[in-house]
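Shared between the two complexes below is subunit A, which has subunit B as its partner in the first and subunit C in the second.
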Partner chain A sequence: MANIAEQRIKREFKEVVKSDEVSAFNIKVELVNDTFTELRGEIAGPPDTAYEGGKFKLEIKIPETYPFNPPQVKFVTKIWHPNISSVTGAICLDILKDQWAAAMTLRTVLLSLQALLAAAEPDDPQDAVVAQQFKENNPIFQRTARHWTCAYAGGPKSDKELEEKVVSMKNMGFDEHKARVALSTKDWDVTRAAEYLIS
Partner chain B sequence: MSGDVNRQLSHMSEASSCYSDGNSSEDMDEDIDQYYMDTTDDLDLDCPSKTDDPEYFEYEPLQVMDAERLLNEEIEALCTKLKVSPSMAKMLLLRHNWQKEEIIENYQKDPSGFLIDSHLTSRRKHDNLIGPRPMCSVCCVNYPRDRFHGVTCGHMFCQDCWDMHFQTQIQDGITTAIECMAKECPVLVTEDFVCEVLTQPKLRDKYSKFSFNDLIKSHPKLRFCPGVDCAVIIKAKESKAKKVECQTCKASFCFRCGISYHAPTECDVIKRWLTKCEDDSETANYISAHTKDCPRCHVCIEKNGGCNHMQCPECKYDFCWMCLGDWKSHGSEYYECSRYKENPNIANESVHVQAREALKKYLFYYERWENHAKSLQLEETTTSKITTRTQEKVMNNQGTWIDWQYLLRAAALLKKCRYTLQYTYPYAYYMDKGSRKVLFEYQQAQLEAEVENLSWKVERAEITDRGDLENQMDVAEKRRQTLLKDFLEV
Partner chain C sequence: MGNCFKSSSNDDISLLRGNDHHDPALEPAPFVEPPPPYRPQQRMPIFHPSPGVSRPANQLTEDEQIKIAQRLGLINHLPTGKYDGTNKKAKECVICMNEFVFGDELRYLPCMHCYHRECIDDWLMRSFTCPSCMEPVDAALLTTYQTS
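Entry: the complex of A and B
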């Protein structure tokens, strides 16, 4: 690993650990190996959003050319959000692509991701299905996102109705996660979700 | 050197017939030279006359050196006028598409505001260095102050980091759009700074090559020839959707958008059409098969020529390949085959029926578009057949080479007319209903009828009377010109 990259990550690591956001349990960075090429991040779902109460884990890979090229970041925790793939966790965010600047840090990245959770950009989607639901059926989107936060990110339990639908499909013999994806995709219509899984 | 330029210019007059006045004796000499040199170019029909040709377009080919000189002249002129550095002037021209008057006006009104809007300076001068040995915020190393550099925004970083930053950007092909490394700072880095910092000479070459490309691309009057490995740059008086033919690589393209010439269709419309065709071509290909049955005796016929006026080899029935109708009804006034008949009650139908109707409409135009493209290919073989036959005839003392040139002229004109005809279909597809569309389709039908007549006669050139054929050529070209005059947006 290039000297600059390692130097920077060590420094940044200290910066994040000491920052106010860490003491407030808002963001967190951990080392995965000794070479500083891979890190694990965590952000708290912002308050007054469907992600409130959830803890979202992130995989952060540091390229050889860091900080002249952005870190590669994706969600490990499953999340229902227009700019994040519900399948792979890939993120569509400008500062992780062409708007990256060498003077940006992991802390800015994590805070930007938190801001993205609070303000989605459905016109620049990563997940077309989620983005469409966000735009055309926002109340259902909010319920679905909250439900996913509860199911995968340890968020508070809230929506009995949705949980029961997942359980009913599970009882039909479907895999729980697949059932949740199908129900979320089909606006929680059990019949259509079952058809979707069978076809 | 001057000899080179002369040759180019006279060559250019071949392409656009507009450059030489033909008054000076030097020009005359060149013309005579040209006459003996370019024997094959006599067949070139793309020499529209200036007066009333809707396709007329003035342009000239430039070599990289000439283009560089031209750009440098413009850059220098702006430098002197605004009293800014050449790198700054270059960036201003690039960012404002070389609109010199506009740049001068805006700069003189509010110099700093204009530079801020152009991302060439920032609202306030930043100072991010603390103490006698500040830390570079990119590499986190402390250096003495003289190791730090920056652009007009004032954000300072160490020399090594700038060097790495430029290397990474240039590797990604970014040159004229390299920004400052600070967070959310859009200020651009100018050429002088990049070249001062860059340590590898190889990358400096890459930088100047890529930035030259950016300069040309941003210039409204210059275009790279899209031909494979062709280094020619075409210069025109104005940026219009007109046909350019590169004399070096023979590529022909639309000056404005750089793809195949597409009159009478406009640039954005043809782009939509081509994307649509790419997306939907599977279905369309499946539906339009290569063979059809004769509508009368039902023998299977494979189309092996470009002409759409078909004659069944069995029963001798004359019919139209496109609509399978009797060819007689394709006379002239009744030629309806190019016109799509829309379901008049469509608005009241269900979504499903509307979708089917939309597909049907698209397929109608697509089939005709595709069919003319195929005919163009098939007619290429006719042209080569004519060439071989002509050679045979000349060898057998049946007339001279010159006597038979009219056949090649006919084939070339047929190609040109059919090409325009092909590109009338995307135009018609995107046209709104109304009297203008009725007129367009009428003229399209007229052109189509004459193109097919011409094709029929060219394929039977040996048994067609020369006067008859030349008359047909004239009629077809007139129809093409009329359509373009009325519908080609200038």
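Entry: the complex of A and C
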């Protein structure tokens, strides 16, 4: 890796580790290898959102041209959010693309992602299905996002009804995750979700 | 001599010539050769005609070359200086995150943010904005010309 990239990541790593946000358990970064090309991040779901109580893991790849180009970040933890792909975890956020600036750091990226969880941009979606539900059926979106936080990010158990629907489809022989995706996509209508999985 | 040594004529220098250069004697072998060993002096400078696009100098269109030349000219108009510790606010370069050391070459942007010359020049070739305040450098340059 280019010298400047490695040097900067080392410094930033120290900066995040001793920041206030880390001591408040809001964000976290860990090294994956000792070459500083790959890191693992974690952000806490912001309070008063459907992601509250969840811990979301992120994969962070540092390009050789860092900090002149942004880090490549995606969600490892599955999440239901208009700007994050529910399939791949890819993120649609301007600062990770053309609005990146060399003065931004791992800390500001993680805090921006936390802000994105609190304020979705459904008009600039990464996941069209989620964005449509967000706009057209927001109460169902909120329940679904909360349910995913519980199922994948260790969030608090909340919605018995949704959990039972997943279990009932599991009992029909469907894979749990696929059933959850189908139910979420079809606004928790079991019949339509089953049809969606069979077709 | 037979053509057993065809690949030896396909040396590093061929990479420095333009893509449109066609010499049947230098026609590369059908298989892809392993890349030549790293030799800094022989490397083409890499340019960034637009964000996220990086290309060696010999693969730029004419418009891109003009744009890059203009950009280089504008960058050279920005004031430079050596770090002497008088500016108490600017202690480190936020691009490389190293503290300024006496004698470091600095470049000042119209928004008054300053960086290592080498660090900021590399950034300005990709994006003509201040990395700290996002102020577009050319717009700011124009306003300084108007007010002065």
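Just so we're on the same page, the second predicted complex is superposed on the first by the 199 of 199 C-alpha atoms of A that agree within 3 Å, B and C clash if a C-alpha of one lies under 4 Å from a C-alpha of the other, contacts with A are read in each partner's own complex, and residues count from 1 in each chain.
Going forward, contacts are C-beta pairs under 8 Å (C-beta built on N, C-alpha and C of every residue); 3 or more make two chains touch, one makes a residue touch a chain.
Everything numeric here is computed off the predicted structure, so don't read it as measured data.
Student: Have a look at subunit B and subunit C on subunit A after the superposition and call it: clash or fit.
Tutor: clash
Student: With the two complexes superposed on chain A, say which partner A:69 touches: subunit B (first), subunit C (second), both, or neither.
Tutor: Both partners.
Student: Looking at the overlay, does A:108 come into contact with subunit B only (first), subunit C only (second), both, or neither?
Tutor: A:108 sits against subunit B, while subunit C stays out of touch.
Student: What is the contact status of A:35 with respect to subunit B (first) and subunit C (second): first, second, both, or neither?
Tutor: neither
Student: Contact-wise, after the overlay, does A:138 reach subunit B, subunit C, both or neither (first, second, both, neither)?
Tutor: After superposition on chain A, A:138 lies in contact with neither partner.
Student: In the combined picture, which part of subunit B sits where subunit C already is, 39-47, 183-191 or 255-263?
Tutor: Stretch 183-191 of subunit B has C-alpha atoms clashing with subunit C.
Student: Common interface residues of subunit A with subunit B and subunit C?
Tutor: 4, 7-8, 11, 65, 67-69, 101-104
Student: Could you list, by residue number, the parts of subunit C that touch subunit A in their complex?
Tutor: Residues 51-52, 54, 94-98, 119, 122-123, 126-127, 129, 131-132, 134.
Student: Looking at the complex, which residues from subunit A come into contact with subunit C?
Tutor: Touching subunit C from subunit A are residues 4, 7-8, 11-12, 65, 67-69, 97-98, 101-104.
Student: Please name which positions on subunit A make contact with subunit B in the complex.
Tutor: These residues of subunit A touch subunit B: 4, 7-8, 11, 65, 67-69, 101-104, 108.
Student: For subunit B, which residues count as touching subunit A in their complex?
Tutor: Per the touch definition, subunit B meets subunit A at residues 137-141, 155, 157, 160-161, 164-165, 167-169, 179-185.
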